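Read through the structures below before going on.
There are two complexes below, and they share chain A, which is joined by chain B in the first and by chain C in the second.
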Partner chain A sequence: MVDKLNRREFLSATAVAGAAMLIDACKSDSSDQKAVVKKSSLNNINVALIGYGEEGKVLLEAFLNIEGVKLVALCDIWEYHRGEGERYLKKLGNEVRSYENYEDLLAKEKDLQAVLIATPDFWHAPMTNTCLKAGLHVYCEKMMSNTIDGARSMVKTMRDTGKLLQIGHQRRSNPRYLFTLNRLLHEAQFCGKLTAIQGQWNRAVKEDFGWPKKYEISQTMLAKYGYKDMHQFRNWRWFKGLGGGPLSDLGAHQIDIFNWWMGKTPKSVMASGGLDYYKNHDWYDNAMVIYEYPVEQAVARAFYQVQTTTSAGGGYYEQFMGDDGTIRMSEDPAICAIYREARATAVSWDDLTQKGYVKAKPLAADTAKVDVRETAALAEYEIPVFFNKPPHQPHLENFFNAIRGTAKLNCPADEAFTSEYVIHKANEAVAAEKKISISDEEVRA
Partner chain B sequence: MKIFVSCVSPIVAALLVATAAMAQDKVPLKTQLPKPLFVGTPVPLNVPNLEPPLKGKRADFMVPAGTVLLSKGKKVTASDDSPVTGTLDLVTDGDKAGDEGSWVELGPGKQWVQIDLAKKATIYAVLVWHYHSQARVYRDVVAQVSDDPNFKSGVTTIFNNDFKNEVGAGAGKDQNYVETYQGKLIDAKGAQGRYVRLYSNGNTTNKLNDYIEVEVWGKPAA
Partner chain C sequence: MAEIHPFNHRAMATHFEVRIADQEKTYAAQAAQASFDLLDKSESQLSRFRPNSDVSQLARLAPGERLRVGEPAFACLQIAKQMEAATRRAFCPTPAALQSQPTLPEWELFPAELSVLCVSGRLEFDLGAIGKGFALDRMAELLREWECPAFLLVSGGSSILTGDPPPEAQGWSCGLGDDDSPHRIYLSNASLSGSGLAVKGAHILDPRTGEPALRQARAWILADTAAESDALSTACMVLEEEELTEVLAQNNSWLAFLDTEEGPRAIGNRAVPVRA
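Moving on, here comes the complex of A and B:
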């Protein structure tokens, strides 16, 4: 991870006292963590990529920056995407064998160590289970599955086979997230007592995906792979039985951060949502969810909203709010912010600034209060960690380092399952229009 | 006009008439814009010298009356004749939609496409849509006009944001910009030539070079 970060870039971005400490704080793959697999001589890991759509392309681009790994095979049922991948890789001097069907790939590729899966959600469980059983380590995109049972089966196979299963919640390996969690939330207790959480992903109206008519897949082949027609094949995320709707598609990332940063799972969920805008989708297109996290004989409520009809409200972020301060995190550094309450005295902010944990932002000129009852404007700080890599790269690196035995997975399937479970429960709460309890037992696979 | 002329000196009047005629001669360039389309996880862009994003619609761009679209259906050649995706005719087929199947994707690194306008023309504007379903910046964008199909002589550079001279057309001074459904409008300032060539050198998402559409607006030589 950070050992793989461009050290100079990282240091210059964090060129403050205690930079070495910062690097330590960001390390997800620290040496004291126990390796899950035995150290091997895996200097060159042979990898196959299954699913070369939007996300498959993103993973490939990040993958190509990583040393000691080689893409040897590519699988996609759509010739249009498969051919694109093949030709691109060939032009890069990295010829791959390509397959329509992942089982053919597994039957023919005998020198593989790992697969990356970026197919629609309903294919994740069958593909992951088969690959793990074939002796491969698997990096599978989120959501783990479109069903709780599917996700549970993946955890079971991971345990049965002893192979690694990393779930693609890439923020768990993001140096900025790791730094902020370890140094600000935990060590400095920046937020004080956490009292509320808020997260959202609001996205503007978007036309459904189309497809080039000359590359239409035959009806027989679509049916063979579980799709009703080309529209469904291209827009699978909005259809029941294939994907999990916006809470699962967009919310998965942020609700996973809620659990990760709270270090626990919620005891209940209530939600409201509906299919109020789009005419040809199955899943609702908007939802507002409230999770209740137990904290010291009280509750911290987490509000999450996902909109697919408006991008208003500041984009996508997770915000942890406490009596001393607030941290707003996002994959987009421009959205990240930290605020200190005027009452906060427990932490020496000068000390944090000195250590390079925070950087003060100049106060805006127009901070005059409109109403005397308003709380004074919060002092705003920046998180001084930047990294110059595609967002998915550290998570892939963590996966490969875990295969080599030099790191522990940042998002193993059993851990991801707890997030997966509470997301599915939010979908259930929307349908049931009621509050649903979540016990500590059921949330674990 | 008569009344107007009668109350000013003849020279001023002549100037005013000429200005009015020139102003009348200019018309806003009217092109059809595709539907906006953004998908996927937004990528934080870390690009120097980036032009601030367009707020709303672009202001009218004035071109001489009689300016027409010269490029529609014209022959396209490229540095990569076996594209990663699509075919070269997509560059001038009139389809600016951002969805799959609308773009031709040339291989990694430095690449160019070239449009043959079939005859010499005076060019007032070039509009380029590389890709607009994601906020991307294409690197080292250079646009040139020439009468020489090999771009060895008589080359006019009408846009260049290749600060480091990666493409070899000289170090550019134009700014980087984020792709949108409105396309990039390049003021060609009446450059003359039969061929228009566009370079790029990968983009902020990958190493590839995409073209959804290029429109060349101007007047064919008489």
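Moving on, here comes the complex of A and C:
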């Protein structure tokens, strides 16, 4: 079912011409994406959440807003997280059965249709493959896996079982991203000829995650689940064999947007990075990457940087730059921006405003008054799409709608694999200290 | 006296501090970091300056619409509603609404599904007068879970929340007023918040009139939780003394100190803590 739109979701859009078209362009499951499948009887989808750490909590919050789905089971190896989840859900009148081990969960839960997986990366492939083979549809957080082979196996299992596998690149269902891609970048050709891309996610130094002493997991159990010790369990993102470091943890979202918006994958990657600050991690704590995207007998270069030692540089975003204009996108609407070059005269701001593709930032409320002072700044424009939901909700809705047969997945595993591959290649380029070519064939699962 | 480990963090447009006593330093640092992570999460849910926050989403509701929010935002709004009633709207979570709307917006809470209904007007929540205190309460819960019961939490210098005292101390020495105030009390497992005109001028609006509130030059509230003390100290700026006395009489854990030339004067049924 197409998501019911909140009256104020498209407040700006409805004030302009072509509002119906705009609203369609914003939907996570727009009409041209819908599969022609008869509506199934899956009005109530029973779901299990595997992994109730930081990301699991984010997914649960978004999940709880969605109608027609019910969380029936929760799994986490850590009693501390499990207890937290149970208590929270009980408070909401949503009691769940909880499990330490996902295989026990699968053995006992006989009325499940789907699972959400938000565990450390190295568990994604074995869990996803097992769940798909058990006949369940899977929403798995990114990265797909800590290895290319792991990710490839997930695509294969998805194809073999015919079950759905959505990867958690949630921006692919974000109405603002969809609108800007479809209307501004493609239809209005706002950027003109794309010549460069830039993205980043910089974070300040912070203490590694600790744990309350009384909830320390026994060494035997840690070893059973693949961790050397409690510090590694809590900080798996920075350890080889468990996660993929900051390029995979933070960069994955944005590098996926590079591929999605360019509609292609890069032909090469070069990168530099290192473990220069933290002494007790395996993975690089900083990296600068350049991808080369082939465009009309030329190259558009995409620069991406991730820093875990400074928050400088204006937050996290992806910026698409062309000879006519630039679009800066972010999950944080406050960071989004659009700029036009002086040479871009073919389509005027007024035309774009009329079509509802951009909105002028509000000027003085009282038009009967005017103030005279130094020369005023140029009128500013913004992307006219807001949605009143947590950022992960549209992507989860898309997943459940796909299960019901009323939508196609916005980020199926085979599509996500292409991003997965080039992210792993960036890590490889840092290690090799050289430019690595990427062929069109190898990037497909 | 055992060593006290101090940690700092910026959030909610102010400065937060966690001091932990009677713990090994690395463990204290990790516990403090976990509490700051929780604080950052609270800010992302409660801030009206974050377009994706629960509070910003509520501001976009039309009358008749309902939105499910996260548990922390809901819990904070629940306390805000209780404090609004207890203070006869001298504390109000939509304090600036009268500047842009003819009447204060109305809203209802539905605990079973953690949802908020916009009954009328625009829900322009500004939780600045309760959110920091609420965050301190949640941070304190976390520190106790981490078995760090001897702590002092500070938010912007205007609210503190104390846990157990440091070993061999009677309590955390807390001053009423400027740095090194001579008017000091020992606190443990209690919260103290101050409001006044000295630092930011007449920044507190009387939600009932929309005008700046000018009842007290400075006031402090002692309470069991920081959300209560934070909200009540703001209400002190709005209430006349007689009304304030009636408000405080509802709850024996509340105590106000009003600034006078002779020093802070206590009002309320709670016993005045030992002077430090």
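Everything below uses one rule, namely that the second predicted complex is superposed on the first by the 405 of 445 C-alpha atoms of A that agree within 3 Å, B and C clash if a C-alpha of one lies under 4 Å from a C-alpha of the other, contacts with A are read in each partner's own complex, and residues count from 1 in each chain.
Keep this in mind: a residue touches a chain if its C-beta (ideal position, glycine included) is under 8 Å from a C-beta of that chain, and two chains touch if they have at least 3 such contacts.
Since we're looking at a predicted model, the values are computed, not measured.
Novice: For the three-chain model obtained by superposing on chain A, do chain B and chain C clash or fit?
Specialist: clash
Novice: Looking at A:388 after the superposition, I want to know if it touches chain B, chain C, both of them or none. Which is it: first, second, both, neither?
Specialist: both
Novice: A:204 contacts which: chain B (first), chain C (second), both, neither?
Specialist: The answer is first: A:204 touches chain B but not chain C.
Novice: Under the stated touch criterion, which partner chain does A:65 make contact with: chain B (first), chain C (second), both, or neither?
Specialist: Only chain C is touched by A:65; chain B is not.
Novice: Return first, second, both or neither, reflecting whether A:92 touches chain B, chain C, both chains, or no partner chain.
Specialist: It touches chain B and chain C both.
Novice: Pick one for A:332: touches chain B only (first), chain C only (second), both, or neither.
Specialist: It touches chain B and chain C both.
Novice: Hey, what residues of chain A end up touching chain B and chain C alike?
Specialist: 61, 88, 91-92, 206-207, 209-214, 331-334, 388, 390-391
Novice: If we count contacts the way the header does, which residues on chain A are in touch with chain B in the complex?
Specialist: 54-55, 57-58, 61, 80, 83-84, 87-88, 91-92, 203-204, 206-207, 209-215, 315-316, 331-334, 388, 390-391
Novice: Can you list the residues on chain B that touch chain A in the complex?
Specialist: 35-44, 46, 82-85, 97, 99-102, 105, 107-108, 205-208
Novice: What residues of chain A sit close enough to touch chain C in their complex?
Specialist: 6-9, 11, 61, 64-65, 88, 91-93, 206-214, 331-334, 386, 388-391
Novice: Provide the residue numbers of chain C that touch chain A in the complex, in ascending order.
Specialist: It comes out as residues 27, 29-34, 50-52, 57, 60-62, 65, 67-68, 70-71, 112-114, 145-147.
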